[in-house]
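Have a look at this one.
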Amino acid sequence: MTVRLLYFAWVREKLGRTEEVVTLPATVATVADLMAWLAARSDNDQEVFSRVGVIRAAIDQTHAQPSQAIVGAREIAFFPPVTGG
Amino acid sequence: MAVRVQSEDFDISRESALLTAGRTDIGAVVTFTGLVRGVSDGTNLSAMTLEHYPGMTEAELSRVEAEAHARWPLQASLIIHRVGTLAPGANVVLVIAASAHRHAAFEAADFLMDYLKTRAPFWKKETSADGHGSWVDARESDGKAAARWGAD
Amino acid sequence: MAVRVQSEDFDISRESALLTAGRTDIGAVVTFTGLVRGVSDGTNLSAMTLEHYPGMTEAELSRVEAEAHARWPLQASLIIHRVGTLAPGANVVLVIAASAHRHAAFEAADFLMDYLKTRAPFWKKETSADGHGSWVDARESDGKAAARWGAD
Amino acid sequence: MTVRLLYFAWVREKLGRTEEVVTLPATVATVADLMAWLAARSDNDQEVFSRVGVIRAAIDQTHAQPSQAIVGAREIAFFPPVTGG
């Protein structure tokens, strides 16, 4: 499965990129799986994606829980808790 | 019902007048305007920069607005949120709720702000007077404020 | 803090801007605008006439405003109430509460309206579409709304 | 004691006057006493001032309870429950 990943705020700054396209192994089924898979890529990724209780995700522009399945997703975003308003 | 994400400023009277124009079924209009404060946790700020997630922002604001209309009898509503770099004293967000009666308008505007703060994908970065930039942490109090309204 | 009783209309943006001008300690401005509705208890209205008690009105509005400042940390506030004969859709009353934080601004504006409605000496007379005039009865719900805030 | 009385809304309309100046006997000590004294003047006054639970009063531009003393008052107003806002 190929999916576009988007990053915002300090997640974007720490990773040093705004977005990327990744091809995932079939074992990556949920948001939590994806975060673990991303964390294993580099020390920098580890620093961001190991923060499971902090980093939030959205699948196709809708908030998603860590347990949520990513099957069929076109776009998955990772970001800190929102601070608008 | 309308949501807008924009870098330009907004005019409360103009937006309110657009919602009520030609109607006589609206008895109450509540507006909330959020502004950039000049001091944050004791630090003087020179600017506030708002980043957002284009596409999801509009979708999420529309969901928040639809939720308000499902909970209160609203005749009209509006959410405008600015993005980009803003100076202290500048407008950040405008929420308007219009109803036949005042309590619905007050509660809906309050709800819209609470939900917007915990749902809409905006992130604030403060620039202090000495040029240092830091991302604003989410406040636990905002989560508690949103929880006041119960599960949705 | 200011109260005004006037026959002229008001401009929300202008009044809000006057309260916040040159300040960076205000993070939240809530405005409430009350408008004349075109239908009252099933009757089409042609006009609403507001009578008041000059002198006491200003004094009572100032007391209500002072009470709000005693209860919430407000940076600024304003009450404008129109008098005379108004058409459906016209503005009747404007309340503004400005604070560092949004909950104080929301609660204070809500409180100002509840207290204004049960304390300020204004009386509404509706003129129906067929020219019949009738004084508006006080609503029990307004008394209950004011009682939410506890004794003062 | 001489005091100015003011009337508003349907109280004003039913009495057919906006204000008047009255000289009160010493026995009229409270707002309730004043309403009873006014009610005794005519059928029209009776119709208005006998409605003790409805008519509100203000002494020198401050809301007053029926039991409140009127001594020293310069201006006493009678009106229906307020309906502004």
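Going by the order they are written in, the chains are A, B, C and D; count residues from 1 in each one.
Heads up, the rule we're going with is that a residue touches a chain if its C-beta (ideal position, glycine included) is under 8 Å from a C-beta of that chain, and two chains touch if they have at least 3 such contacts.
This is a predicted model, so every value here is computed, not measured.
Counting in whole Å, what is the centre-to-centre distance of subunit A and subunit C, each centre being its mean C-alpha position?
For subunit A versus subunit C, the centre distance works out to 48 Å.
Can you give the whole-Å distance between the Cα centres of subunit C and subunit D?
Result: the chain centres lie 26 Å from each other.
Please report how many Å separate the Cα centroid of subunit B from that of subunit C, as a whole number.
So the centre of subunit B lies 23 Å away from the centre of subunit C.
By residue number and range, which residues of subunit B touch two or more other chains?
34, 102, 113
Give me the residues of subunit D that touch two or more other chains.
85
Select the category (line, ring, star, complete, other) that matches the graph of chains linked by touching.
line
Name the touching chain pairs, would you?
Listed in label order, the chain pairs in contact are A-B, B-C, C-D.
Hey, which residues of subunit C end up touching subunit D in the complex?
Against subunit D, subunit C makes touches at 34, 50-53, 55-56, 59-60, 81, 92-93, 113, 116-125, 135-139, 142.
Once bound in the complex, which stretches of subunit B touch subunit C?
Residues of subunit B touching subunit C: 11-14, 16, 20, 22-39, 88-89, 100, 102-103, 105-106, 109-110, 113, 145.
Flag every residue of subunit D that touches subunit C in the complex, lowest number first.
Subunit D reaches subunit C through residues 6, 8-10, 58, 61-63, 77, 79-85.
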